[in-house]
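Note sheet for the following structure.
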Amino acid sequence: MLSQFIEKKMTYDGTQLRSLFAYLDHGLLGPSVVAFRGPCNISFDHMVDGEDLLAQAVIAGDDMLHFIIEVFDRDLFSGVALQRLFASICRDYLNPQALRALGEPGLVRDGDDIYYSDRKLSISIATKSPVSTMVHFAMNVTNKGTPVKTLSLEDIGVKPEIAAEDIMKLFKAEYLSIMAATQKVRPVP
Amino acid sequence: MLSQFIEKKMTYDGTQLRSLFAYLDHGLLGPSVVAFRGPCNISFDHMVDGEDLLAQAVIAGDDMLHFIIEVFDRDLFSGVALQRLFASICRDYLNPQALRALGEPGLVRDGDDIYYSDRKLSISIATKSPVSTMVHFAMNVTNKGTPVKTLSLEDIGVKPEIAAEDIMKLFKAEYLSIMAATQKVRPVP
Amino acid sequence: MLSQFIEKKMTYDGTQLRSLFAYLDHGLLGPSVVAFRGPCNISFDHMVDGEDLLAQAVIAGDDMLHFIIEVFDRDLFSGVALQRLFASICRDYLNPQALRALGEPGLVRDGDDIYYSDRKLSISIATKSPVSTMVHFAMNVTNKGTPVKTLSLEDIGVKPEIAAEDIMKLFKAEYLSIMAATQKVRPVP
Amino acid sequence: MLSQFIEKKMTYDGTQLRSLFAYLDHGLLGPSVVAFRGPCNISFDHMVDGEDLLAQAVIAGDDMLHFIIEVFDRDLFSGVALQRLFASICRDYLNPQALRALGEPGLVRDGDDIYYSDRKLSISIATKSPVSTMVHFAMNVTNKGTPVKTLSLEDIGVKPEIAAEDIMKLFKAEYLSIMAATQKVRPVP
Amino acid sequence: MLSQFIEKKMTYDGTQLRSLFAYLDHGLLGPSVVAFRGPCNISFDHMVDGEDLLAQAVIAGDDMLHFIIEVFDRDLFSGVALQRLFASICRDYLNPQALRALGEPGLVRDGDDIYYSDRKLSISIATKSPVSTMVHFAMNVTNKGTPVKTLSLEDIGVKPEIAAEDIMKLFKAEYLSIMAATQKVRPVP
Amino acid sequence: MLSQFIEKKMTYDGTQLRSLFAYLDHGLLGPSVVAFRGPCNISFDHMVDGEDLLAQAVIAGDDMLHFIIEVFDRDLFSGVALQRLFASICRDYLNPQALRALGEPGLVRDGDDIYYSDRKLSISIATKSPVSTMVHFAMNVTNKGTPVKTLSLEDIGVKPEIAAEDIMKLFKAEYLSIMAATQKVRPVP
């Protein structure tokens, strides 16, 4: 698994969640996680979460830390499970700083979301392209421009670029260790 | 997904990690998680983790809280990802009590293991049967009889039966929400 | 598996055969079968059966009873097998009334079609979306507007709405029993 | 798909339900359906239906018409769906003769079983081998030696050998037409 | 597997690499290999090889011998492996004539390409459609119009139509023998 | 993909073709190819090729160069395709030396076999374990002890250990390049 923090800020509008984004736009061949910073503004046409479509949700924020994960040869179930492990990794990484900055009750992962009480830190979706399985996961850098009550990395005093690198490193380790775990076990009857 | 706490204590010797254990021994048809309490003593013949086999590991404990998960139609990658989500759920559930009982640094999930500093709380393996994907996950109820430096539910003041029910409930919710997430998303190009 | 009879009449033009139709348009999350009534008029652009495309077939009818089935995690072979079981269920359900109304030889299932002698009662196709496997199955309510010699539910005196509910109930039971049958069997060598 | 009626009578004891039975014992390479006649007596060790195991069922008969189907590259869901189509084909083939011989209400398929009122004509199981998906389907030739209330081919005046050839022919046509249906369809969005 | 040499010359512009090309345009139902002759000129929009896209490659030739392979029920890994076997078959078939015409060092297969020293004979890509796995493989009939240093069938004195028929025959035999090899083997522990 | 030449000579008796052989016996985790030298003597019990079983074949040789390949997450079709690419790589690697030593017609790959006229150089089988796909491929080092007319590496003057290292290096490059080819391509409609 390759990873890269893309220095150039970009507006995430949903079009980045397409197969081979990391390869064709950033040269990363194979399973990958990339991160970048920028506003979020997903048009209805590029919204893929049926729940959001039904709710006619506004998904937006003035500055978010975005991650795009792509893996190959996996079904969507695996993609969603990876998405939640990614959320869990983010939560575990950020929680000590959240507790220092804001006190109890700390961050809670609920499915693919991270909350601090009723304040939502993140958005995410996992889906399929015809050749791969993909995840978008993003956390507010600021609460500005978000349509609901949110928490942001600013609130907990975390620098997005450093968090991005650390989280991608942790996720790569998790992915590699999952792969290894599938290649070292005997079957049962 | 069905779940059941099996009241009868059983020694986990590795033979319980077989397809349809929950159905044939406890009547649970379909994806399931069952829990029971009892010693752990896995003979070399029923050890399926290649790492343990290579290390000629002793896997034992006088009293552990065991979980056996079975899902259908999933590859081993999904099984390992579910295993780690299960570990993450256990860690998140137990950590507040661990902090109260033992103070910092609290519990840490590392792959499929849960640690408190250098004390190991859990053992786990995910594998394939010819008809399903299976996970064994167990946490020490006591530190007696364990071959390494361990932490136990006793140390953190958690009643195994209550923890089992709570954790199975959380895992079922996670599993159902993963399933739903695979059935409500539009594809990307 | 969820089911719903959609009260509002709709022209089936082929666009309804798309992933998440039941979820995004009717709120049914997960494997589903929905039914509705309305004309059939499939433009060449939305025709997916290669045989029809090669034959430049006209697929039309003034009033049909439509079913759309969506299942997840299954290949197209499974989808076609389900389609034929659906046809078999329809045939078995309708045949007693067909015999009463029209006498011998009764209805015959041939692949995914149902016939009474040379009169065609139904049309059907099974295909893949990027996230699911889908079936359209429809039976003439009237023979008006059909391009070939047809049989209709009118001919056999069946009320489409009642048949729809009954058939969806039978199909749900079949689907659930197939699922159960995949989760209760030991492997063979 | 190849088929063969095996002239030599054999007791079906469950061991015939193993991968490559048709190839290694009868030279049929690839997807196949074979039929033979003989008693049925399945020991507990070779019983693979969990429901039968839980019920400690006796599965026996003095003379049955057995079919063994093997397909490759298919999951168990497909195997069960094929099994039910096979049952449906048998029911449709035998019913006219059943009606002539016994009158109403005729044969009914219920899941993988065929009944005449409360008399059971058939037994069946679909399962996985490590390299294929397999079905055993058998119908009583006589009611002798059966542990429950049964119907037999004798009762409806059907010659087993002829029925076997006819049914295998119909099933082969169904299988080939399913295969073709998976190779002639355009995807939907 | 069906095959056909399409007599009519066509410009390969990338649009031919779509699912059911052989069926909808030439009536070949099921796994297939078709060949035709014509110029090659792939627009950027129909270029599917990410490497070419990144390199902004020109893929062109005034006259090439094109093959389009389609198989069903296979992942892309299988498709790429088949592509390389196809390249290997071409190389083995053409090499004796290449040696006679041009002497040492003869043709070399490198991945999906065939070279004579630094002269490239072929282009190829394997990819997925939503319903199948597809390969385009083409060899220069002439070196005219090619953007790099090439070898052509003219150089080695091979008549494209005859080569096409021979190569398709060899590939069909290979494919059928691979299929057979998956249906005649016992599993290992 | 990892590779290793195992220095210790071993008799290949079929038991080495089991999942995780490379990991549990030689510490290679993940997809792998290992080679070793030794006699070949496969008992009927460990023969997995149905063709050999039907023919009651004797598979033996006093000294052979053995390769065992294991890959994960692939079906048997892929395994057989890899097996044939492996045979093709061996043939291409050895042929120049075969021509120097023995003259025309050189080595020919036919399916998974390599021949020099009617002299057989190699044996091979591809099969499934419950957790992986495996290939055994072996070439005679000597013609002694072989039950049919054979060619050996001795005949063509090739040192087995050097050939093993070279061939494993070529196969690893092929495998990696196949993997890359599955992760750099856009889908087609």
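Order of writing sets the labels: A, B, C, D, E and F. Residues in every chain begin at 1.
The definition used in the following text is that a residue touches a chain if its C-beta (ideal position, glycine included) is under 8 Å from a C-beta of that chain, and two chains touch if they have at least 3 such contacts.
If you're wondering where the values come from, they're calculated on a predicted model, not measured in any experiment.
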Label-sorted list of chains bordering both chain D and chain E is C, F
Expressed as a multiple of 5 degrees between 0 and 180, the CA superposition of chain C onto chain F rotates by 180
Farthest CA centroid from chain F: chain C
Note: of the two pairs A-B and C-E, more contacts are counted for A-B
Matching interface for D-E, options A-F, A-E or B-F, criterion over half of contact pairs identical, gives A-F
Between the Cα centroids of chain C and chain D the separation in whole angstrom comes to 26
Averaging C-alpha coordinates per chain, one finds the centres of chain A and chain C separated by a number of Å equal to 40
Taking each chain's centre as the mean of its CA atoms, chain B sits from chain C at a distance in Å of 43
The positions of chain A in contact with two or more other chains are 19-20, 23, 29, 50, 53, 73, 75-77, 127-131, 179, 182, 184-187, 189
Among line, ring, star, complete and other, the chain contact graph is other
One finds touching chains in the pairs A-B, A-C, A-E, A-F, B-C, B-D, B-F, C-D, C-E, D-E, D-F, E-F
Seen from chain C, its contact residues with chain D in the complex are 17-19, 47-51, 53, 74-78, 80-85, 88, 92, 108-109, 111-112, 125-130, 134, 174, 177-179, 181-182, 184-189
Touching chain F in the complex, chain D uses residues 20, 23-24, 27, 29, 73, 130-131, 187
Within their complex, chain A touches chain F through residues 19-20, 23, 29-31, 72-73, 129-132, 179-180, 182-187
Per the touch rule, the chain F residues reaching chain D in their complex are 50, 53-54, 75-77, 127-130, 189
